[in-house]
Amino acid sequence: MANDEIIFGVLTASDRASEGTYEDISGPAIESFLQEAIDSVFRIERKIVKDEQSVIENSLIELCNLGCAVIITTGGTGPAPRDVTPEATEVVCQKILPGFGEKMRAISLRHVPTAILSRQTAGVRDSTLILNLPGSPRSIRETIDEIWAAVPYCVDLIGGPYIETTEGPWAAWRPPHARRTIQR
Amino acid sequence: MANDEIIFGVLTASDRASEGTYEDISGPAIESFLQEAIDSVFRIERKIVKDEQSVIENSLIELCNLGCAVIITTGGTGPAPRDVTPEATEVVCQKILPGFGEKMRAISLRHVPTAILSRQTAGVRDSTLILNLPGSPRSIRETIDEIWAAVPYCVDLIGGPYIETTEGPWAAWRPPHARRTIQR
Amino acid sequence: MANDEIIFGVLTASDRASEGTYEDISGPAIESFLQEAIDSVFRIERKIVKDEQSVIENSLIELCNLGCAVIITTGGTGPAPRDVTPEATEVVCQKILPGFGEKMRAISLRHVPTAILSRQTAGVRDSTLILNLPGSPRSIRETIDEIWAAVPYCVDLIGGPYIETTEGPWAAWRPPHARRTIQR
């Protein structure tokens, strides 16, 4: 039985990266996490947009409509006026999952006291999970490594595809009744 | 001086339990916690309802109107479309107490990474404290044991009855000026 | 190059303190923290107001209009009906920073289980950071000591003045690119 290709969206919100005056290194950090952690057949849809709430909202909706199982954003979660990624996320989601922001702030606070300023959140739009990650590649990796274990089961619960993972701290955790053996 | 009977509400939100196709074991787990932890004269009002936001809202309001000091819910706090207990709780409460959800997620995360998905919250409606607990009996007990110490003083502050507890990790903590000696 | 005087607002929300039936000891605890921790030229604007949401909102706005870099409130963060400081804070802020409340509750929970009841939050109005602290002088000091390191960089990001600090657990942390040498 073949497994359908799973789609992940990776959205970088950054005025400078979208203008091309700054190379986006955060989006690629998320892509390389996915290459390492995902054991299902998948492809990535990428967007690099400016820090404009309506633009981010529309990009998130487009990624949902393409069938993304998970959309991972980077950038725009701080306290500055142009930081509007959490606002856009809250507008397009039907449910907010406050545990992700709490846990990611707690992880980042082990490394830097200004992690308290992050407003990262997560939420569900239809069958898509949207996760705000921090902006720097190092913070991205520190947080996503620790939270990813809960992502595949979340996607199961909201009606998305069955995501398989490689071995590592990010390995999917599911309650026994939700575990499947997939043959390829 | 006799102590008036204190009323606790226990509400199970579960499509399957309300249809009778599944035995509710979570509500009874809360009841047995109360039997063990409460040292005041009390009774329990029980409701088992389907995962329908308006039904949960109306049930919470009915339990408030019966005079419940605390209403403890179980079920419906996950990310799935039919999980709407936190939404119903937020609608009927005048004040939300985010500390309860944060702490309960932190407790459950010690045991299972998918605790990050829980959207449990707590809030106050008039003189009633409403607490969302997780769905499984084991998670219920893990979390309620650690958070209950703050519940009696919260009920004092919102104008509810003076709740006394037995010895254990759940024993009520109150600042010295709020401690009473009750004679029966 | 002279540094302009930085303004800090300190607002006590307390019915009893505003009526004069109770001496405000919480506002002075915040003032003495600032005297110890701030190494810039500064002055403090003080307000003592009753626990009335519209009064707190107007006072916060006045302090913002005076040019406060940071407004620190004390009082009114509990679950009681007259506790409305977080509500007033949310109304006047354009952005909420949930990390401050989460971290302050986690700090206070090490000392007392009823810290779970605190609804403290923080947010940004234009170039002013507003922080809700707990009510008791001891809790104020426990929490502000641990969170202050992130405050100066937050004020940088929202367009406020460059705040310098003395040595201590409260010493400002900034990423290397944001560090300045100020000559007086």
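As written, the chains take the letters A, B and C, and residue 1 is the first residue of each chain.
Here is the rule we go by: a residue touches a chain if its C-beta (ideal position, glycine included) is under 8 Å from a C-beta of that chain, and two chains touch if they have at least 3 such contacts.
Source: prediction; values computed, not measured.
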Turning angle required so that chain A lies on chain C, C-alpha fit (0 to 180°, nearest 5): 120
Interface numbering overlap (same over half, different under half) for chain B and chain C: different
Intercentroid distance (Cα basis), chain C paired with chain B, Å: 32
Set of chain C residues in contact with two or more other chains: 98, 102
Residues on chain B engaged by chain C in the complex (per definition of touch): 94-100, 102-103, 124, 129, 147, 149-150, 153-154, 157-159, 173-175
Chain A partner contacts - residues on chain B that touch it in the complex: 78-81, 83, 98, 101-102, 105-106, 109, 112-119
